[in-house]
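In the two assemblies presented below, chain A is common to both, partnered first by chain B and then by chain C.
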Partner chain A sequence: MTRRMRLVLAALCALMIAPAVVAVIGRMPAFGHHPLPYGDAINRTTVAQRHVTNMVSAVNFDYRAFDTLGEELMLVAAVTGTLVLLRGRRGESLSDRAAQAGERPVCERSEAVTLACRLFFPIIVTFGIYVIMHAQLTPGGGFQGGAIIASGTLLLYLGESYRLWRRLVHSLLFDMMEATGAIVLVLCGLGPMLRGAAFLENVLPLGQTGALICGGIILVENAGVALAVTAGFILLLVEFLEETRATRDGGGS
Partner chain B sequence: MIALLVPMFLLVAATGAGVVLAREPRRQALAIAVNGVALSLLFVALRAPDVAYSEIAVGTALVPLMFLSVLVSLKTDRPKS
Partner chain C sequence: MNYLPWVTAAWLFAVGIYGVMTSRHYVHLIGCLTVMQSATYIALLSVGYRFGSVAPIFYARSDSTPAVDPVLQAMVLTDIVVGATVTALLLALTLQVHKKRGTVNPERLRPLRP
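== the complex of A and B ==
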């Protein structure tokens, strides 16, 4: 199909959709106004009901914890699928050993880069842990903190070497961490049922509003999400980078 | 508020166009990062700090880093001709 034909086709499609788009835009509520009562209700009642000050965490890890459970299991399934696909070709036995890059010379790191990475790695990881621990009080939480820690570990690769990064970021450890995260979430659901409460019901003591430990089950579930997300992203990074290196036995590309 | 939002929307549109128009993979990865910063600024202006956090952690840091580190490995892997 020529460029001209594509443009004509695109213009025709745009013309056909245009009336519907205009109609929808005309019916939309004014900017910043919404007819939904749910958010306002959460803002009104959550501090008293759950003793937490971050409403998003209260919704994610308590009121709609069922959705988060599904989401996390989906994430674990997606990461597992990717690992099976990528590791399958290399083989399980090689997964905890750094792959070789064949004839490629090792990139020399400049001292400035190494210094910057050594300085910033602990700061970024600490910040990630801070974000995870304050999920119930301030914006952030297990997902955001996990992503921060996972990207922070790349600094080890950037500043030191691939081999060292792979030795510290051990696949087996993060495999187990990933599974632990999923198990913690499922236990958050099943645990309350032992006491006769509903699946995922918040039965733990709520603590004092504004304290670091408050919100009951929100804390536990947040920790589970943090474990699963940190390990999941780190494993993805490991497998993607490993994929670009030839294995010691000469396989791979 | 609106005075702040209009330039934010324009910034997101401009950086989004930058992602589409960048053809070189390494530039694309950086364009995604810049677009992520613009988006998270917009989310902060719309008072959604949690979403802004996710956007900056995933869209600005993790995904471009993943792309860049893999691209670097691929680039240097190629035999010199």
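== the complex of A and C ==
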């Protein structure tokens, strides 16, 4: 099919769908004044029921934990797929040389960059851990904190050296961390069944509202998600950076 | 103002799908896919929004304060993270296509040979 034909076809489809889109938009409830029965119920009852103050975490790791389990497995599947595709041809060999763009000369790393990275790396990682640990109290959680920590590790590469970064971010460790995260989440589901409760039911003691340790199973699941997301993102970074090296070394084969 | 979020979501979805259809480069196509996905973020967050209310965090605040819908926020949160990893998977596929076929232009790729 030529490009022109495809656009004509698309325009026809758009013309057919347009009235439906307009009708739906016209009948949406007024913006900012929706009835939100489910959300309101959660906002009203969760603090008393689960002793946590972050409703989003309560939804993610408790009320709709089954969805999170599904999303988590999707994440692990996507990361695994990326790893199989990228690492499959290249193998797991380590290299001391960083990637290099074409024939461009390698510049010395300036001291200012090293200093800035040394300053910010611990701060970013600490902030990531803080965000993960306070999932049940304040905005944050395993997803956000994991992404923060994973991005922070890139500062090691930027500020120190490729060799150090590659040694510290050893992929076997993170392969295992990724799997552990997924297993923790599945065990959170199966564990309560040993006690005769439902899959993913919150059977752990809830603790005191507002304390760092509260919410029962929410904490455990959050930790599992944090492990899986941190490891998953770091693995993706490692594999994509390794890929640039492979290109330079000659097609990666 | 009333229709703005829905029109924005529909518009983002439409430009994304237009980009996917006319794309000449897989990386561009994946970017367009991300644009389409962000339409869902806007739609979901707009459904859950409510004027004059706070974020659904009741730390140092009474839980009878009017708050926006946490369910939709939780959906968007997981959506973003999974979207990022799926984008990574698609980019890895693009790299593989480039290695095997030497092109990343969807128009130039013929169906897979056995």
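Couple of notes before you dig in:
Just so it is clear, the second predicted complex is superposed on the first by the 211 of 253 C-alpha atoms of A that agree within 3 Å, B and C clash if a C-alpha of one lies under 4 Å from a C-alpha of the other, contacts with A are read in each partner's own complex, and residues count from 1 in each chain.
Just so it is clear, a residue touches a chain if its C-beta (ideal position, glycine included) is under 8 Å from a C-beta of that chain, and two chains touch if they have at least 3 such contacts.
Just so you know, these numbers come straight off a predicted model, no measurement behind them.
In the superposition on chain A, contact of A:244 is made with chain B only, not with chain C.
After overlaying the two complexes on the shared chain, residue contacts for A:131 are found with chain B alone; chain C is out of touch. Of the two partner chains, chain C is the only one that A:78 touches; chain B does not reach it. In the superposed model, A:154 lies in contact with chain B only, and not with chain C.
Using the contact criterion defined above for the overlaid structures, shared-chain residue A:36 touches chain C, although it does not reach chain B.
Using the contact criterion defined above for the overlaid structures, shared-chain residue A:236 touches chain B and also reaches chain C.
In the superposed model, A:7 makes contact with chain C only, not with chain B. By the touch criterion defined above, A:210 reaches chain C but does not reach chain B. After overlaying the two complexes on the shared chain, residue contacts for A:139 are found with chain B and with chain C alike. Between chain B and chain C, C touches the greater number of residues of chain A. Counting contacts as defined above, chain A residues 31-32, 54, 56, 139, 141, 143-144, 147, 233, 236, 240, 243 meet chain B in one complex and chain C in the other. Per the touch definition, chain C reaches chain A in the complex via residues 1-7, 10, 14, 17-18, 21-22, 46-51, 55-59, 63-64, 67-75, 77-78, 80-82, 84-86, 88-89, 91-93, 95-96, 99, 107. Those residues of chain A that touch chain B in the complex are listed here as 31-32, 54, 56, 101-104, 107, 131, 139-141, 143-144, 147-148, 150-151, 154, 157-158, 233, 236-237, 240-241, 243-245.
The touching residues of chain A, when paired with chain C in their complex, are 3, 6-7, 10, 14, 21, 24-26, 28, 30-34, 36, 38-40, 42-44, 46-48, 53-56, 58-60, 64, 67-68, 71, 74-75, 78-79, 81-82, 85-86, 89, 137-139, 141, 143-144, 147, 210, 229, 232-233, 236, 239-240, 243, 251-252.
Of all residues in chain B, only 1-2, 49-50, 52-54, 57-58, 61-62, 65-66, 69-70, 73-74, 76-77, 79 touch chain A in the complex they form.
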